[in-house]
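These are the structures, in structure tokens.
The two complexes that follow have chain A in common; it is paired with chain B in the first and with chain C in the second.
Take a look at the complex of A and B:
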């Protein structure tokens, strides 16, 4: 096996997938859902987002139970034969593409809100250097780093919620579902795609030390992500009100509004803490699974040689991806969901059906 | 060994770049911190132009503490007033640079003043200006000046060292009297874009100080006593994005009661037949609810106000410390509150046609289906809408005294 490390289910599944999904979604989901569904954005995240997340994890777990020591790159070859190589290549490309979007979002946010004169490339290069270093160190290091960052990240988010309570007016959330279900459906695509990013665990599951807990931890993670993102969107609407759908980063503005007795104010640095810490982990995870996948696809003895080439690809891709911020938001809201559904649910579901009908893989363990 | 050395050298090389500081650093001594921003529109050569003015802190003067006495030439004011003119707000703002030896830095401005003429013309273009820049915070206070905003910026502060501190102090101290409405950018713009709600802003006005106001101890100092000062009182009422008028202090009080934002303040009442105003009711907390009612005649509203407070002053020697008299005072207070609220309601409805209370918004939240049918005609319906005011006042304590001592 290319990865010799072992991680616990809590480290590798519960905490890691939380950071992977929440780090970017918390800042961008409130804006994108508010654009489509207005003050009902939180429903999109809570209902359809969670349902989709649970469905995705169910498919992943079922596949994994058939192939307990294989990643999605490996078992797609077992299931689909030579065609599986193509699927694996597509997955690697998707990992790299999504990662370059994340890298770009990271830089764009910092340039837009904190350092307008610093060129984007400075942030991208620094983030990718960090990411490639983490990737070379392997899964265990990424998980342990995340274990350290997770409390900081979670406390920052929770801190913003608690401090924003004073500024919130929850009547801004009313009336609920004024225009019926249609806007909510329209606003659900993007959050669903984000929640589906837990597909990354399909690359990590074989390295989990205590597999019996993995299913439970994955479900916990999906639900926890749902709660946090729903709260983030609700608080944003409660504090920012009708303005939410117009702002680029409403959750950031929410943090800027915090003012308790003119004593605790200007806490937006918390947002930067969680953004930098969370996105670093997210980028490292996607970077790692792309490298690992490539190693497995081409039968390399070590995945480390492909880290730098992938890093270069990521750098160039993220710089050239979007011409401006308007295109990037539009892409995230309109293209990314449908494109991601293929990889998050579409292909795994087809693989599962093929595996079941072709009786491939071991018998699913009960429980 | 060799590889290790090279690795360390590479890291050191990177540190060389990283340790020299931020890329886009702005050293504090290179910045001109603006504190108050004023927006006006002026006509130059027949063209409407934006006039943006700002007060900039002079850091040196502020650092040297002590009374700012002197020769009154204005050279030792702790701030400098600059203004720029341009076709757009940001062009005007950047034109400040022609007068500033340092880069203007607006992230510390916490007050935006809109000139009266600009406000009457419409603040629609300002919305974008106030939101798009990353340096302007959503919790910046919004005030409308009577007269040009530039004039307000010329005023010298009386108690505080900086005009911005003075205005912020005034804004934040208003809950003590509940006679001025205060609002920040976030709520100001939210109310502009919320259906069934008109916005309002604080009102700042310049007034001539009377001779008697002059500080006693100054005597014959050569300091030219500034004859003008500012006060924050009343409410600037907007209809859509245009200023339509001002509520005075007592109407503002009524307005604040409806929105549940009146916190403290004094209500003077006449309890006894022979006295004019002899009882002061000091509010400690109030709450209010707007309840929409739907019946056959259409939509009406009930404003339900609860005020709680203490007996602050009683100018008569009649006994007050009996449950019946307290009850009578409570009723008087409730009537007074009701009168204040109705005055404010009438002015906003009949004179301005501005739904600053958010009746439409409340209806929208409560009965979305009915609101849908009314939304388009709300501005026509609103002035004639029926509002019932219910007020209730409670006296909890009578201070350190029961009855007023009698003189024999």
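Take a look at the complex of A and C:
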């Protein structure tokens, strides 16, 4: 195996997938869902997003139970033969692509909100340096770092919620489902795509120390993510109201609105803290699984030599992807859901059907 | 003569540190010859030009007087004890003189078993051991006709008396600290843990200095693998001399290229004992009052033994304070730079105006101002540390001028900057361990550079880099920031918060202790159940 470390199910599944999904989604989700579903955006995230997340994790777990010591890159080759290599390559490309989008979003956010005079490339390079360093250190280190910042992350989000209570007017959320169910369905695509990013655990499951807890932790993670994102959307709608859909980073604006007794104000620094910490982990995870997958695909004895090439690719890609943040948000809302749907649910589902019909892999274990 | 000395030198080189490795090469040992003259000549050759060696050649009175010789190093043995219990017993013993059955062949046993009135007597058969014993302060007796030496333990080394530890003073807690003698130090530990399960294995490290090193652990608590790992790492050291435990620290740490200390050091026996009871391993080195404790985790460097002696709410309070001040010491200057350079909008407007007003006459950007002042403070600290006390006062007077109102009125720095530097300094003094505070002090400077280039984002990136780095660190296999990550709920009882003693039923789990149970559950005390009896007793009295 390329990765010799082992992580506990709580570190690797519950906490890591939480950070991977929430760190970016919490900032942008309210805006994108608001565009399609208006004030009902939170329903998109709570109901359909969670259902999709659970479905994805179910497929991943079923596949993993058949191949308990293989990642998706490895078992796709077992299931689909030579065609599996192609699937593996596509996955790696997708990991890199998603990662470069994340890096770009991050750079755009910092440039737009904090440091308008610094060139974008500076932030991208710094973030990728951190990410590649974490990748070289391996899965255990990424998990441990994430475990350390998780309480910080959770407290920042919770702090923003609590502090925003004064400004919020929950009547903004009413009436619920005024225009029927259609806008909600339309608004659900983007949150579903983010929730499906939980597919990254299919690359980490073989390295989990206590596999019997993995299914439970994954389900908890999906639900926890659902709750946090729903709350974020609800609070944003409650504080900002109809304007949410015109903002790029509504959760950040929400933090800006906080002003309690003229001494707790400008808590957006908290958001910066949370965002940098979370995105570093997210970038490191995608970076890591792309490198690990590449190593597995080409049968390397170590994944570390491919870290630098992948890093360069990520840097160039994320610089050249979008012209500006408006286009990137539009892409995230309109193209990304359908594109990622293939990788998050489509291919795993096909693989699972092939595995079941072809009787490949070990017997699914109970529990 | 030269060749013999070279031979001895080679022997010293080859005499490996760990005892059992040495026994694998018995062929190299030079045995003691039955001929006393030859032995004396040999030893004198070995100790050529060593003026501190005392050779006392004398005759044991018998029918045929037996030649004998006593060797010791002047100043390392108790002279009274040597004179009274070795020389006197051998030279003035009427029964010995009258006994006709005594001759060269059985003198050795009689001397050893009947005549020497010394507590600890051992024998040695080879020159190598003999020379070492002489050098470690024992008196060695050679008798003509015997190929063995009698080694009497009469060691008495000049030593400072047990004193209050200078670097780790406490308000509440024992006042004794380690001293330079390893014997005294071991006693200080033994006095606190009166159990044969407390093991102390002696090693000799240093091919020339032959320094005594003791590895202390509690059998059945400390993980065997950990103990073996410590001994193995110590055994691998082949340095010429070990003058302080810091030498060993650099040899045995897991990751040499890091700013964070991975071995904790202390001069407090109570801290050492607490760590032993947690399942850690202690290392005592002769000639230094500083002991080493492994494995070390980062939270340990923010803890003081006093936290365990004060009541739990007070301890929790001081620990929280230290946790905050650690972040202030690390981040305050860089946060000041970041806010003044990039995020002026984060300050309340009146404060911003007042700072801007102060900075009007200051010719430097905030970064330069901060680096300059922080450096000046580090100069002052360094100047103050090693100065004799009377001159030290002068430094503090000058220091108050340099980092103070004079600097502000000279127009070099703003008074806000003076505040920042002073606060950082105070904060860094609250870190209770020296090595912990070094790490924080050094990291402050790269953080300032990051803050000056990228503002708050830079600070966050720096913190993430530090986090990733400390996550890669391990001290003897134990993750460095346990119990934060890997997270362990039961270990959090003794971290930033310190729960009352009766709740800490388990030893820290991250060290893989053999016996995790510290005490039985539910030790909590309450008012006596049988109240009536007590009240009755009171009324009766």
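Following the convention adopted for this analysis, the second predicted complex is superposed on the first by the 367 of 367 C-alpha atoms of A that agree within 3 Å, B and C clash if a C-alpha of one lies under 4 Å from a C-alpha of the other, contacts with A are read in each partner's own complex, and residues count from 1 in each chain.
Basically, contacts are C-beta pairs under 8 Å (C-beta built on N, C-alpha and C of every residue); 3 or more make two chains touch, one makes a residue touch a chain.
From a predicted model like this one, the values you see are computed outputs, not experimental measurements.
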{"item": "Contacts of A:122 with chain B and chain C, given as first, second, both or neither", "value": "both"}
{"item": "Chain B versus chain C as contact partner of A:130, first or second or both or neither", "value": "second"}
{"item": "Contacts of A:148 with chain B and chain C, given as first, second, both or neither", "value": "second"}
{"item": "Chain A: partner with more touched residues, chain B or chain C", "value": "C"}
{"item": "Which of chain B and chain C A:174 touches, first, second, both or neither", "value": "first"}
{"item": "Chain B versus chain C as contact partner of A:227, first or second or both or neither", "value": "neither"}
{"item": "Partner chain(s) touched by A:240 [first = chain B, second = chain C, both, neither]", "value": "first"}
{"item": "Contacts of A:185 with chain B and chain C, given as first, second, both or neither", "value": "neither"}
{"item": "A:259 touches, of chain B and chain C: first, second, both or neither?", "value": "first"}
{"item": "Residues of chain A at both interfaces, chain B in one complex, chain C in the other", "value": "115, 118, 122"}
{"item": "List of chain A residues in touch with chain C within their complex", "value": "8, 10-11, 110, 114-115, 118, 122-123, 126-127, 130, 133-134, 137, 140-141, 143-149, 262, 266, 269, 272-273, 276-277, 280"}
{"item": "Residues of chain A touching chain B in the complex", "value": "112-113, 115-119, 122, 171, 174-175, 178, 239-243, 246-247, 253, 256-257, 259, 265"}
{"item": "For the chain C and chain A complex, residues of the former touching the latter", "value": "342-343, 345-346, 348, 454-457, 460-461, 463-465, 467-468, 471-472, 479, 481, 484-487"}
{"item": "Of chain B, residues touching chain A in the complex", "value": "22-24, 131, 134, 137-139, 186-187, 189-190, 193-194, 364-366, 368"}
